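Each of the next two complexes has chain A plus one more chain, namely chain B in the first and chain C in the second.
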Partner chain A sequence: MPVTIGDGRREWQLRDRRGQIGLWLMWLVGTAITVAAIEQISGETIWAFVWDAPEQAADLLTRMVPPRWSYLDKIWSPLWDTINIATLGTLLAIVLGTPLGFLAARNTTPSVALVRPLALLIIVSSRSINSLIWALLLVAILGPGVLAGIFAIALRSIGFVGKLLYEAIEEIDLSQVEAIDATGASPAQTLAYGIVPQIMPAFAGISVYRWDINIRESTVVGLVGAGGIGLQLQSSISTLAWPQVTVIFIAIFVTVVASEWLSARIRHAII
Partner chain B sequence: MLLIEGLTKQYKTGDRALRGVDLTVPQGQVAALIGPSGAGKSTLLRCVNRLVEPTAGKIALDGVEITGLGRRALRRARRQMGMIFQEYALVERLTVMENVLSGRLGYVGFWRSFFRRFPAPAIDEAFRLLDRVGLAEFVDKRADALSGGQRQRVGIARALIQDPAILLIDEPTASLDPKTSRQIMRLIRELCAERRLPAIINLHDVGLAISFAERIIGLRQGVIVFDGPPERLTPAVLTEIYGEEDWSALIRAASEDGEAEGAGETAAAAGQRQTGFQGSDARARLT
Partner chain C sequence: MAAAGRRWRAPPLIANPWLRWAIAIGAVIYLALALMSLEVKWSRVCEGLDRGWTFVVAFAQPNFISRSEEIVEGIVESLTMTVVATVFGILISIPIGLGAARNIAPVPVYLVCRAIIAVSRTFQEVIVAILFVKMFGFGPLAGAVTLAFATIGFMGKLLAEDIEDIDPAQAEAIRATGASWPQLVNYGIQPQVMPRLLGLSLYRFDINFRESAVIGIVGAGGIGATLNTAFDRYEFDTAAAILITIIAIVMATEYGSSLLRRRLQ
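For the complex of A and B:
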């Protein structure tokens, strides 16, 4: 009881005594765990390596400059592959993830008991596995190359698109749907007129945002052989060709900045 | 004509919103449904087009029994019932024209509606209705760019393009200022008179009900406790519907106002009201 009566006056505190003690205990336990964790980590660290980290980093840096600009000629094509992996993967994810979103949303699913849990399961499994791991699996199944990359990106993105879309569908204004229903519209028409216009901004935002993320993710899938610039990155690192690594980093950086600029423009135009 | 017999609605939560309501609304009659919040006004209205499924009772519109229709037949029946909503319930991101044409969805196939290829007569009618409610130059505006009064006019046009046999109107003025409320109520009454349309209007504003309806139905806890012309709405009756309060001033003001509105009706028949009304609306838009 935060309100107590002492000699005729009403006193007020946010928490009563038990709440106060509970709060202090929580802080105490939290601090103890943090201290214990630091102990554990420092015990398992080889500090000699850490202490000369600045030297090592400086050494690496000197070996990375100047960038070998002539290497650029060799990465235009893998860079183009990378962008294509991201774009096609995103498109595939949108095509497959959008119906999934409608099946998973409580207010549009054909069956809450059967279809919805199944759709949610697909969404969760897609989301729980990183693109890089999808790529590892797909390279084993499809063999190395761009196709494995596209599917890896798509499989990871289906869950993302499906989840964000079904959340958007569940948040729509039902009175608009009711109004369309009341005109005698068919269920398909109610979907097209009452629901789709309401989720268009979310849909556009999700698609462009995921494309933006996928540009970054597709630079990595090549590390395991799924096509794109990651392949060049990996071979450059393993042959200790650091000036080439620098060129690849700069190329990725410029691509990501360009994609962010483009996606911001697209989002602005649609919403 | 709308016929309701023994209409009962019990929600899953156990609330009994309607307890055996009997009601007949003849051709061309504008009836206001008043009562405190939770009296079942909205439920009654929504039972008529079965947005809410009645528990028991019978509802028939022009001889067609609504209760007991299958999904497909219900959709056909809903085309006959225009509904106007409290918060307008327009599809905010669609244009005014798309919103008005959505009233024709029950009459066109999916792909035609999907690609917005509505038949020419429907589009002509949409233009005519937009002219009539004073929104001719807003055709291509998006609904969310309009003011409250303008949105409700779109809502009215959407209901009328259905070519309905009855209007179901749920708190049309709840989110409008007093002046716009009166304009909207006047528009609804004029349109009902023009087309000899019956209408049931839920109103929480008793003053508006007295001024603009020819019949008042008082609902309390799912039971009709008053049914009659506005003149018979005495302080005692209002006390029975809403509970103890000093009602005399409200009734006096509203009935004087109602007489003024009644006098205006003859002018409307001569077609003068319409132009005067649109003129004042244009001024309202400029300010």
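For the complex of A and C:
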């Protein structure tokens, strides 16, 4: 820690000169990038529309209140679809993502040079593409409907499950695996009794956590035609039926909060 | 010896047999119901498989050229939205995170901040984007505001949890010197949460870029609008080029941020 001695007093500073300059440069570059980005955005903005935003918001609010509660009868079925999209999509992702996780983990992959990079590439591609984009693509291929939604959610979640799972597999305690191995167990038995019990809590936690995220995501895949409550949202917005939009928002809010509570309870029980 | 013939079995994940069977039966019933309510038009699926194959073929030969201007413009817009949203989102999330930490905030402040976080986290970015597009008009500003709003919920929650988990001894030591509340935050709490805050900020940058690619679908600027148009026109080769670009940038930011995080922590 740098201490300078000036006129008989010892002055303490957190950083030495190089650290100080480096930090200052980082701030400078960061600020410059941010300012440039703000400039760019404000150049593309029609400010007249922005200045009346408070009026627009007030207008929107008066249109949205009071909610049309009678519409609730029509959204039970889409809400059920939404939950199914999330749940079945998560299940499919677990089924496909688990082997992927084993193939990508350094200590269980059959080949570090060949299989592992391929598995990692699949994981990264799946993670980089948002479920809404997958939905856009799958609606074009499978046609609009719940099926496209399920596959969209599953394709996005495979990477998530695979990534967290392979990280968990790489962190296991090797002495347990060795102990099972020493009993003369086959590779399959080593996997079942040496590795699986160690990653089981993480696996269950990951699955429930992703399910919770997927409930949130499945509320919007309908906006591009992939089923669920998003379809109702889209049609209500395009017919400017704002009181219905309010009901849908409330339904989404309640569903998401409930699923988050449930997932937190389950994870708490497991870990 | 009776034990000689006994076989060892792995203990089940859920110890209580009643609960175990109830969960298993419930899951089967749910699956049956869910699969029954699934309506699939197999004729449409078969028809679509051709189109799916076209996409796979297009993915093998992506077309970066014919719409290169739109792609570059969209990507630059997405990146600017990401930068602005991440910076402002984090700046706003710090006071909210402080307010949402039970151990340093009074109860009324705590409740208000937790409510803001809950609302921000519940609604998917796209839904929020619809509202902001309605308020601010089409364009990247609506997108940046949306992403900043989502960032507040994410960072606020994680920051608050972090502050609640700090070592109270350090905070108490600072408090014992007669420090005021801002001094307590700055010397007792900030040093403990700063490394993780930086790591999370970089992580959120990644997420914001990924999200910026979709909120364009509802008119909030960025590469999403270009992508949506490409899909609508069945220009799968252009769509493939855009997707590949997104994947490449996500990989690059993820790699860069993991390098930075390792240095910071």
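Methods note: the second predicted complex is superposed on the first by the 248 of 271 C-alpha atoms of A that agree within 3 Å, B and C clash if a C-alpha of one lies under 4 Å from a C-alpha of the other, contacts with A are read in each partner's own complex, and residues count from 1 in each chain.
The rule is simple: contacts are C-beta pairs under 8 Å (C-beta built on N, C-alpha and C of every residue); 3 or more make two chains touch, one makes a residue touch a chain.
All values reported here derive from a predicted model rather than from experimental measurement.
Please indicate which partner A:I250 is in contact with in the superposed arrangement: first for chain B, second for chain C, both, or neither.
In the superposition, A:I250 contacts neither chain B nor chain C.
Could you say whether A:I41 touches chain B, chain C, both of them, or neither, answering first, second, both or neither?
Only chain C; A:I41 stays clear of chain B.
Between chain B and chain C, whom does A:A53 touch in the aligned arrangement: first, second, both, or neither?
The answer is second: A:A53 touches chain C but not chain B.
Specify the partner with more touching residues on chain A, choosing between chain B and chain C.
Looking at chain B versus chain C, the one contacting more residues of chain A is C.
Pick one for A:V29: touches chain B only (first), chain C only (second), both, or neither.
neither
Can A:L147 be said to touch chain B (first), chain C (second), both, or neither?
second
Tell me the contact category for A:G194 with respect to chain B and chain C: first, second, both or neither.
A:G194: touches chain B, not chain C.
In the overlaid three-chain picture, which partner chain does A:L114 touch, first (chain B) or second (chain C), both, or neither?
In the superposed model, A:L114 contacts neither chain B nor chain C.
For A:L132 in the superposed arrangement: first (chain B), second (chain C), both or neither?
A:L132 sits against chain C, while chain B stays out of touch.
Applying the touch criterion given at the start, work out whether A:D181 contacts chain B, chain C, both or neither, answering first, second, both or neither.
first
Counting contacts the way the document defines them, which residues of chain A are shared by the two interfaces, the one with chain B and the one with chain C?
193, 197, 200
Going by the contact rule set out above, which residues of chain A touch chain B in the complex?
Spelled out, the residues of chain A in touch with chain B are 173, 175-176, 178-186, 188-189, 192-194, 197-198, 200-201.
Write out the stretch or stretches of chain C touching chain A in their complex.
These residues of chain C touch chain A: 10, 13, 30, 34-35, 37-41, 44-45, 47-49, 51-52, 55, 76-77, 79-81, 83-84, 87, 118-119, 122-124, 126-127, 130-131, 134-137, 139-141, 144, 210-211, 213-214, 217-218, 221, 224, 227-228, 231, 234, 239, 243, 246-247, 250-251, 254.
Spell out the residues on chain A that touch chain C in their complex, using ranges where they run on.
Residue positions touching the partner: 30, 33-34, 36-38, 40-42, 44-46, 49-50, 53, 56-57, 60, 80-81, 84, 87-88, 124-125, 127-130, 132-133, 136-137, 140-143, 145-147, 150, 193, 197, 200, 204, 216-217, 219-220, 223-224, 233, 237, 249, 252-253, 256-257.
Enumerate the contact residues on chain B facing chain A in the complex.
So the residues of chain B touching chain A come out as 49, 51, 75-79, 81, 83, 85, 87, 89-94, 98, 102-107, 110, 113-114, 155, 158, 162.
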